[in-house]
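Paired with subunit B in one complex and with subunit C in the other, subunit A is shared by the two complexes that follow.
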Partner chain A sequence: MIAPAAARGPLGMGPGPEAIVRAVAGARRQARLRFRLVFVATWIVLVGGLVLLIGSTGRVDLEFLQKWGPFIFGGIPLTIAVSVVSIALAVVFAIVGALGRLSRNAPVYAAATLYVSLVRGTPLIVQIFFVYLALPEFGIVLPAFIAGCLALSFNYGAYMTEIFRAGIQAIPRGQVEAAASLGMTERHTMRRIVLPQAIRIVIPAIGNEFIAMIKDSALVSFVALQELFWRARTVGSANFQSFSTLVLAALVYWGLTIFFSLFQERLEKRMAESDVRL
Partner chain B sequence: MSVRGRLSILAAAAVIVAACSSGGATPSASSAAASQPAAAGSESAAPSSAASAAPIAGGLLEKILKAGKLVVSTDPKYPPQSELEPDGTYKGFDIDVATEIAKRLGVTVEFTTPDWTAITAGGWGGRWDISVGSMTITVDRKKVLDFSPPYYYTPAQMAASTHSGITTMDGLAGKTICSGESTTYDQWLNGKLDYGTGQDLGHPPAGIKTVTLPTDTDCPDQWKSKRFDFDGWLSSITTVDGAIKAGLPVVKIGDPVYYEPLAVAVDKSGPPDTDFLPILTKIVNDMHSDGTLTALSVKTYGSDFTIASK
Partner chain C sequence: MTGAPGVAASAVHDPFAAPGDLTPTGASPMVRAIDLEKFYGSNHVLRGITLEVYPRETICLIGRSGSGKSTLLRCINFLEEPTVGTIEVDGLTVEADPLHARNARHREQIRQIRLRAQMVFQEFNLFPHLKVIDNLIEAPIRVKGVPRADAIATAEKYLAKVGLSEKRDEYPGRLSGGQKQRVAIARALTMEPRVLLFDEPTSALDPTLVGEVLKVMEQLAHEGSTMIVVTHEMAFAREAADRVYFIDEGVFVEAGPAAELLDHPRDQRTRDFLARTMRA
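And then the complex of A and B:
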């Protein structure tokens, strides 16, 4: 596109403004296309290299994986179920936690702060142990699935408390004042004005946490839940094929996170729609 | 989602938690221990000596019969005692024994797969009824678990990686030896294994260091991955043979180091088991005398491990 414009010669009138715009747009499009091509090529080279590297160990037994694949894949629904239930419960914990962290009531603020501090200050695996093994000492015997989800959501809820707090604080103060001048109570304002907007702000962040949750759900394998990681680990250990089964599990987790990341991206765009200038 | 919708989720969660805590309160840890003598006392008509013990209210036997199923913990990382089939069912010697016990109780069997360390530690919270997991009876475990008579006896076998070049017990002196977490093998290597019978179990090689991995088979699997952080491995002879058969770089070192009485375990902090233990004992003894255990042992191992040796 540039060439014909330049070929008009030094004494010509030169390209018009429209031609310049078109030329620039074309150049940009080409650059973008080149970037994409190189991106894809690099991925192919790197992933191919990784596959060759893992294959070169000779430890990935495809025949074995063919036999056990269906059983290991059978753990995927439980992995997703644990992640979905946990993230839903975590949102509840996070909203309560965030409201507590923003409260002007000292005991409520103290309790919320303690929750965040305690949970963020102890390892997730210890919390799972606690819910599964220590709670029965107090007469609370939760089924494995609920114990696992409760521990995961309790943990994630603490981290997400800060996300929700930021989301709530991002709502301009003027809106709260406007609501107050209309005679709305503080609670009403929170429910009708602040929270609905805050949710919109934090939804992409929740999506992110969900993707992290898919991976951390492997930790509930300890509490007798036969999810993806438990199956890969047990089958691998019993048959001295841990390398094969763990590579397979890693691939599945990766695939799952890529799959849910696509949703996450669309969600992010959808949520940002009202901020885009037309 | 509306605000009301979110609040209803919170309410639902609260209901779930409340329901679970009230449901779990009956077979709870501390209250069950306290109520055990009381429950036995109130059912004074039930003879404690007769093997045909009647179920006591709130007892383990009543719980099992009422549920119509026996929930058994198993660790399917431990072939040939317990392992998975590709269709998700279980097989192995422990699985066969558990299935037979349930059959003789007249109930169905159900397996659950908690971590081995959670089984040996007691405090099961009533999540499963018994462990049929080749568990050695030791003084420490007796503090938290009740045991049936042994249903078989396996030799503990020392092994080494072929990479180490070690072929004798003395060759392991000063080396690092691997075993599974919370196993009697780890206890023996650290000189802490005690059956409470005064039996001399021998001594590990001099100056050894020990390391544990989540389960026994992880030790030779590390050698297969060309990690040689340790040279020795102590486990059941059945597991060592399994590893050698699977083509792992393992050699047996010397004769079996000691023999283990392996039994069915019941949680002491669970529902009172005074009604259940006599029946369990009778079933295990019957399975010995009518040749069932011998047949199962020969089927899995090719030899009879059900007779006490040494």
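And then the complex of A and C:
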């Protein structure tokens, strides 16, 4: 019988192994704590400096912002609504696009490939103006909200097509074989076995796209949707207070993305811990 | 023994076939694979295989890795389309037709074969996003059109058979490898197939978990399920198989009752293989 190392105690002087393990763990904990403290202190210094710098310009009119702040903040619900509706529509475009990109049917594959290529090869702002300004020449007049969401989701759908394609391809072959062996048709297998698993895989990526979407939603201000950026821009330029209003708008966007990033992190963690292991 | 195609043109009959002890007298084979050939590119994996399995028989296929034994099993339910040959399961005959493998009529025939011949995989392949019970009832309800309540009752019956009733509402991710494979067996049984195909069902398992899966399989064999098992577990073959086939380089070298083939192999290749396996 050999006694465990810890119980054997020190052979000569020096500390026993248990004490060393404790000391190493303690040192690690301290290093981590020090890192965090320095991180927070640096942020405070940098953000403080930034605030001082902005304040020192003398162009931030707090009285003006107090008066117009509520109006600008009033654009937040529309910004979020546009982002949520657009990401939901984009998921639909992306699933259809991904199925097309994986299709053995040549015309379907060609159409999906053209969609991705065309949308990724042209500027988002051009697509937005196309829906809002060019379509009316053909008698297609869409309400601003629908035009904005359609353009955003059509664009994001093309980028997310590749995300979904990768997600579908990440499902192990054995899943498809098991479904086939159980007599499921290919359509049944895709809908009930492959897609539900693929969507779980791409949820973190959809979260990232959603956060990007919140920022890109500022572009729909150009179709006269009175969301956050439109309000900041309009109020600012009318009163020669663009500096104040744009700083405020930037802060709100920043806050929104931080909020949704935290939400997303928690979602990711919860999925990693869930029973549903892929 | 000759496995060469052409030479055995008239021999659609499996020379090794013999109805097992449990087979009703005068029964015709439950499964017939006739003159199977399979190429992967220029790689000739199956070189004229004919196999007949009678109702209530358990057949073990043994051989080195790469010998073609898994390919043969996968050809029987068309997870691999044979290059040439005929598969017959419970009276339904399907000719290999690799040129029209995506043809709708052919696909439907294959689906009918699969409903009769369920596969149990080495890697279990449970659906991780579905609870155990939902893994079991998905296909009966949506493929066979069984009413939901009946499907659940059947699923619970087979879960009890594999000893996992209490895991009914767990996700597969929470199960051990042995439990996963037992659920996979229950899933196959819930389809009430005519024959079960096992593709190295214990090869992915921790050695301590192999026993629980083999026990379930032995019970099924003794209860008269028709089974074709690709395995490296010689003890299982000895205990449960009516006949053992030794396959090498895409042909059957030798076959016979388990005790006879395992203890008194006639062919040198069989002897070499068994010597290496037993030593391992």
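Keep in mind that, in the parts below, the second predicted complex is superposed on the first by the 255 of 278 C-alpha atoms of A that agree within 3 Å, B and C clash if a C-alpha of one lies under 4 Å from a C-alpha of the other, contacts with A are read in each partner's own complex, and residues count from 1 in each chain.
Operating definition for what follows: a contact is a pair of C-beta atoms (placed from the backbone, for glycine too) under 8 Å apart; a residue touches a chain by one contact, two chains touch by 3 or more.
This one's a predicted model, so the numbers in the text were calculated from it and none came from an experiment.
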Clash or fit (per the criteria above) of subunit B with subunit C on subunit A: fit
First (subunit B), second (subunit C), both or neither touched by A:Phe71: first
Which of subunit B and subunit C A:Phe240 touches, first, second, both or neither: first
First, second, both or neither for A:Glu137, with subunit B first and subunit C second: first
Contacts of A:Arg200 with subunit B and subunit C, given as first, second, both or neither: second
Angular separation of subunit B and subunit C about subunit A, which is computed from CA centres of the superposed model and rounded to the nearest 10 °: 130
Contacts of A:Glu63 with subunit B and subunit C, given as first, second, both or neither: neither
Touching partner for A:Glu273 - first (subunit B), second (subunit C), both, neither: neither
Contacts of A:Glu18 with subunit B and subunit C, given as first, second, both or neither: neither
Partner chain in contact with A:Ala224 - subunit B first, subunit C second, else both or neither: first
First (subunit B), second (subunit C), both or neither touched by A:Leu182: second
Subunit A: partner with more touched residues, subunit B or subunit C: B
Where subunit B and subunit C come nearest after superposition, their Cα distance in Å: 12
Footprint overlap on subunit A, where subunit B in one structure and subunit C in the other make contact: 192, 196
Partner subunit A, residues of subunit C touching it in the complex: 77, 79, 102, 111, 114-115, 118-119, 121, 123, 125-129, 138-139, 142-144, 170-174, 187, 191
For the subunit B and subunit A complex, residues of the former touching the latter: 3, 6, 9-10, 13, 16-17, 20-21, 23-25, 27-31, 76-79, 83-84, 86-88, 112-115, 118, 121, 123-127, 214-215, 217-218, 220-221, 224-225, 243, 246, 248
Complex contacts: residues of subunit A adjacent to subunit C: 104, 172, 174-175, 177-185, 188, 192-193, 196-197, 200, 275-278
Of all residues in subunit A, those that touch subunit B in their complex: 59, 67-68, 70-71, 74, 88-89, 91-92, 95-96, 132-133, 135-144, 146, 150, 191-192, 195-196, 222-224, 226, 230, 233-240, 242-243
